[in-house]
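A short worksheet on the structure shown next.
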Amino acid sequence: MSGAEFLLWMRGPGISFAALFFIAGVVLRLIEILMLGRTKNLAELRGSGSTAGMRTIATRFLPADANTFRRSLPTIVLGYLFHIGLFVVIFLLTPHIKLFQSVFHIGWPGLPTPVVDFFTVVALVSMLGLLWRRVSNRLLRFLSTGEDYLSWAVTFMPLLTGYLSYHHLLLPYSWMLGIHILSVALLLVIFPFTKLMHSFTLFIARYYNGAIAGEKGVQQ
Amino acid sequence: MTQPSLEKGVNILREQIDGPVAAFFSSCVHCGMCAEACLFYTETGDPKYTPIHKLEPMRRLWEREFTFAGRIKKWLGLAPPISDEELEQWQPVVYDSCTLCGRCSMVCPVGNDITYMIRRMREGMAASGNAPQGLIGATTRAVKLGSPMGVKLATLEAQARHVKISTGLDVPFDEEGAEYMVVLSSMEVVNYPEYLEAITRIFHEAGKRWTISTEAFEATNSGIQIGVSDIAAELVGRIVAAAEKLQVKTVITPECGHAYTALRWEGPNLIGRPFLFKVRHILEVLDDLREQGLLQTSGMENDRITFHDPCQLVRRGGVVDPPRNLLNMVSNNFVEMEDHGTMNWCCGAGGGVSANEAADEIRLKAFKRKKAQLESLEVETLVTACANCRIQLEEGIEENEMEIPVVGITEMLAAHLVEHPSSDEGEQP
Amino acid sequence: MTAIKAESRRPADETLGEALRSHGISRRGFLKFCATTASLMALPPAMIPVVASALEKARRPSVIWLSFQECTGCTESLTRSHATTIESLIFDHISLDYHHTLQAASGTAAEAAREAAMRDNHGQYLLIVDGSIPLGNPGYSTIAGVSNLDMLRETAEGAAGIIAIGTCAAYGGLPHAAPNPTGAVSVSEIITDKPIVNVPGCPPIPVVITGVLTHFLTFGTLPELDSIGRPMAFYGQNIHDRCYRRSFYDRGLFAETFDDEGARKGWCLYKLGCKGPVTYNACATTKWNNGTSFPIESGHPCLGCSEPDFWDMGGFYRTLSMPTGHFSTALGYGVAIGAAAGLASALLGRSERDKARSAHEKVSVDDLDKGGSS
Amino acid sequence: MSKIDSDKVLRQALHALVPEQQRLLGTRLVKNVLPLTDDERVQRIIETAEKADVSDDELAEAYKLGRMAVVESRTRCGADCNWEDQAAHFVARAATAVVAPPGKCKAPDPPWQAVMSCRMARDCAILAADDGSENTEAEAQYDIAENFLNTPNSAAGDNHE
């Protein structure tokens, strides 16, 4: 098999299968969660749960307060850097935008590639930092399961292979690009059945949390 | 008499799984931020106190029975069922070291309401016989004697007599059609009789008709602390029946955190229908009276004071501003703690921890958090609005050889109350 | 115009140097060619005299050129130079003993020439192939009644080495494109016991063809190859990396259509399906038509013609990062499957919970103590 | 000296005393319920409080001891209330209010806190005995106060009556 054939297979059946698996898994998980429902609150409400829920979806992007930020500084800083890097790489690299465009038929302007490249490095380095903390920090080591490391690895690989292929390192580009897509496929397949699902479910979780608190008049 | 069993516990745990629980478990990324928000972790540094970790058995049940992948794992034999030993092993983290304070739920970046889940997890723990003895005792007394502390009507009546002798005012019992029906916590009857006198005087000045039901004067609800909704519903039901019998407009819960949550927020859901009356915390009522000009005070406290937010009242109850409004009425030196309001730190004794002897040691360890807060603030008086917080604060302060008196907010207000002489009474001193 | 017609006039033992001089190519011009070729082949400058002297002394080797399922584009590429070039002259001075498009002889005579060359130079002649070989039915392409497959096998047997010219010979090319009706395959899929150099491209750059020949003439060996049999010297560079429009890619400036402002300003053609990033060839450096330009320079995205299966890379104008095939359909199926499975799973969960709720035994204070006391 | 027959009068009388006299009267009131505790710390507090020439340091020490006794004897939220223990708790509380240095006791009215706590202690004792007897502590306190105020020796202070 040549690099071109491999790439072609990954761009074709490979990624399509992974996408099918991914979307099926995500829809499955979301339905599982949402269909369990929440019992109607019979107490005399102090505020609108849905408004507060929506609010919390937004407000939880920031730490609760300065002291919370201070207490979890490395986690928050590394977490932000990683997520921002990941966001930029996924959504603001022109080749990726074209991918979304081919599916959703809407496009948006991308960032210059050296900028994206920079964010890739930011994401990679912060991920290494997060991994280091996971193994070295007593609390995080205690909490971590195999799934945490697996999720880390399948998220790290696309970033790394993307970086390597952009810089034409290690392998010929078509091989590396193929491997990049393969690593994304792996991520997509594993995604719905690990904590990676938080990218979707956190909106539900925040909504519920905000709604439960908001009905009691607690603003977040 | 039936026996608790694992089967019963697991069955009840199964009943507890809903959309929020599923969304929360699905979203956890093991970031550890909830631990940093939990005083049992911050004061011990032991990772087993990480809030989300306290839910591990429940998470396993959810994964096993409510997710596609989990069912496959179960089928492959990779997801063993919950065992009684496991639940027993989890007792200390689910009960002794969680006050249901809800701070973790505020900081979780993915928005997990961990407290909501621990409350539910306790349902399974209790039904499987894994609740701590102290809480079982309190709950049993609450159901059988009407008070977790064994307070009987006679005790309350004795207090009412003292109020009468001391103030000349009657504590009205069983008055139909009163605007307010006051319920009390056993703690106030046993340890803080000042409260009853304070509200008697305040309501008298405000010209409000109020009453206490001889059938249901106990506000606290051990059912929600131990995690048995059936019992919690029975306890709530007593108050509901009394309030509806006396046809009161509003039931006022006392200076107690969980009693407010139990009646105000869980109550209607426990009995399965909305109440025909309103439920208000005493601070909400006092703040309303203040706004209407019916609560008049004179004089100001000059001491540097601060307010300890009872978790169930503020963070889990939504009563944030009233205590501040009221304190500013009588103090010109009120300062906030560094983490206050909905981000306050728990006293360390809520959620049934105080009734659980097994938690005595860790409860006082957890107090170190509050100690640090108080020390950095250098206050002369600490005000709070929960008898349980108050007792923990007093004990912690004593234990740590600090010298900060703790006062209930209603008492403090009553001390500044402007009292108008009524016709049948002489001038007040 | 180069042609094999001169073949009979030229003694077979004339060296390349002599031939060049008789055509009026100066020593200086020759050395310049040697330098260019050496640099193209990534040889150190010290090697230029070696190349020059080797070329000057080289005897004309016998070359047999077989054309199978092809379009003659590769031959055209070599021969359609606008002026006489040194590379065409070099081509002139090999002994092209068989090339059915170019040779004067035809029919039996032509085949006889091939057989003679094979016999006379057995084990030493060079075999050049353009076009792919159909395996579906031997009748799809025959020469003088001989199937391409048989002729290739027969001719390859005594060859010193094989050069597969053009993407068809190298990787199957257009005939191999889905659904490949003739069962076309590349040379290397049939011949496995001979050194094969792939010189893909549709067509390949003329100087690349002569460069490979020069290497053979100079060193008597075939050049260093990459993983898919291409000379590293010419195919080691990525079009995207060498593209003069690369800076626009990096700055995020793209032509969105062929007639927009970006296209006029010469911005990057990535979004228009340019395969530059996955294509290895010398176009961007060597260029075409005597160094005039290459496709991207004329405003068209690279088709990736020197890569295997370039016809099937999801369309010439489909952006490289876009999935090919039925991606959106897959997503549609995914949603449907997920919804069905999710519904089933959720209902199962709910029924378990409902069962638990209806089996609920009211918990009283007497049911709390494991010890059974109280 | 008028007769003390109501809380109003008792309270006025208490407030009219200088701190030292307040302490001494308070001590007598506590002594009336002292049998309800067997905490020897409380006994010691009362011994200190009775001393006419007690120093500020001694009082501060007694107050500290008292706070400890108060906190330790109290029934925690949710715990089964032992009324005998609770009676002792209120005695400790009364004793502590009596010896509290100025400004230390945060009750709105420290001397009055001592009065009320003694009555609570009696309540608890009655509950513990469960004999249905009446709490007559208030009347007993009126008598003690009347005695105290009408004895020139003890009420030698700044009595404005």
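As written, the chains take the letters A, B, C and D, and residue 1 is the first residue of each chain.
By our rule, a residue touches a chain if its C-beta (ideal position, glycine included) is under 8 Å from a C-beta of that chain, and two chains touch if they have at least 3 such contacts.
Predicted, not measured: the structure shown is a model, and the values here were computed from it.
Student: Name the chain whose C-alpha centroid is farthest from the C-alpha centroid of subunit D.
Tutor: Farthest chain from subunit D, going by C-alpha centroids: C.
Student: Most central chain by CA mean?
Tutor: A
Student: Rounded to a whole Å, what is the gap between the Cα centroids of subunit A and subunit C?
Tutor: It comes to 39 Å between the two C-alpha centres.
Student: Can you check how far apart subunit A and subunit D are, centre to centre, with Cα atoms defining each centre and the answer in Å?
Tutor: Distance between chain centres, rounded to whole Å: 67 Å.
Student: Which whole number of Å gives the spacing of the CA centres of subunit A and subunit B?
Tutor: 38
Student: Taking each chain's centre as the mean of its CA atoms, how far is subunit B from subunit D in angstrom?
Tutor: Distance between chain centres: 32 Å.
Student: Show the residues in subunit C shared as contacts by 2 or more other chains, in ascending order.
Tutor: 341-342, 345, 349, 353, in rising order.
Student: Subunit B: which residues touch two or more other chains?
Tutor: Answer for subunit B, listing residues that touch two or more other chains: 17, 66-68.
Student: Can you list the subunit D residues in contact with two or more other chains?
Tutor: none
Student: All pairs of touching chains, please: list them by chain label.
Tutor: Contacting pairs: A-B, A-C, B-C, B-D.
Student: What part of subunit A is in contact with subunit C in the complex they form?
Tutor: Those residues of subunit A that touch subunit C are 2-5, 7-8, 11-13, 15-17, 19-32, 34-36, 94-96, 98-99, 101-103, 109-114, 168, 172-174, 177.
Student: For the complex, which residues does subunit C have touching subunit B?
Tutor: 341-342, 345, 348-349, 352-353, 356-357, 359-370, 372, 374
Student: Enumerate the contact residues on subunit C facing subunit A in the complex.
Tutor: 171, 226-228, 238, 240-241, 249-252, 254, 270-271, 277-278, 280, 304, 307-310, 312-314, 319-331, 333-335, 337-339, 341-343, 345-347, 349-350, 353
Student: Touching subunit B in the complex: which residues of subunit D?
Tutor: That would be residues 6-8, 11-12, 15, 67-68, 70-71, 74-81, 86, 89, 104-109, 112, 116, 119-120, 123, 126-127, 135, 138 of subunit D.
Student: Within the complex, which stretch of subunit B touches subunit A?
Tutor: Residues 17-24, 26-33, 35-37, 41-42, 45, 47-48, 50, 52-53, 66-69, 105-113, 116, 264-269, 272-275, 278-279, 314-320, 338-339, 342-343 of subunit B touch subunit A in their complex.
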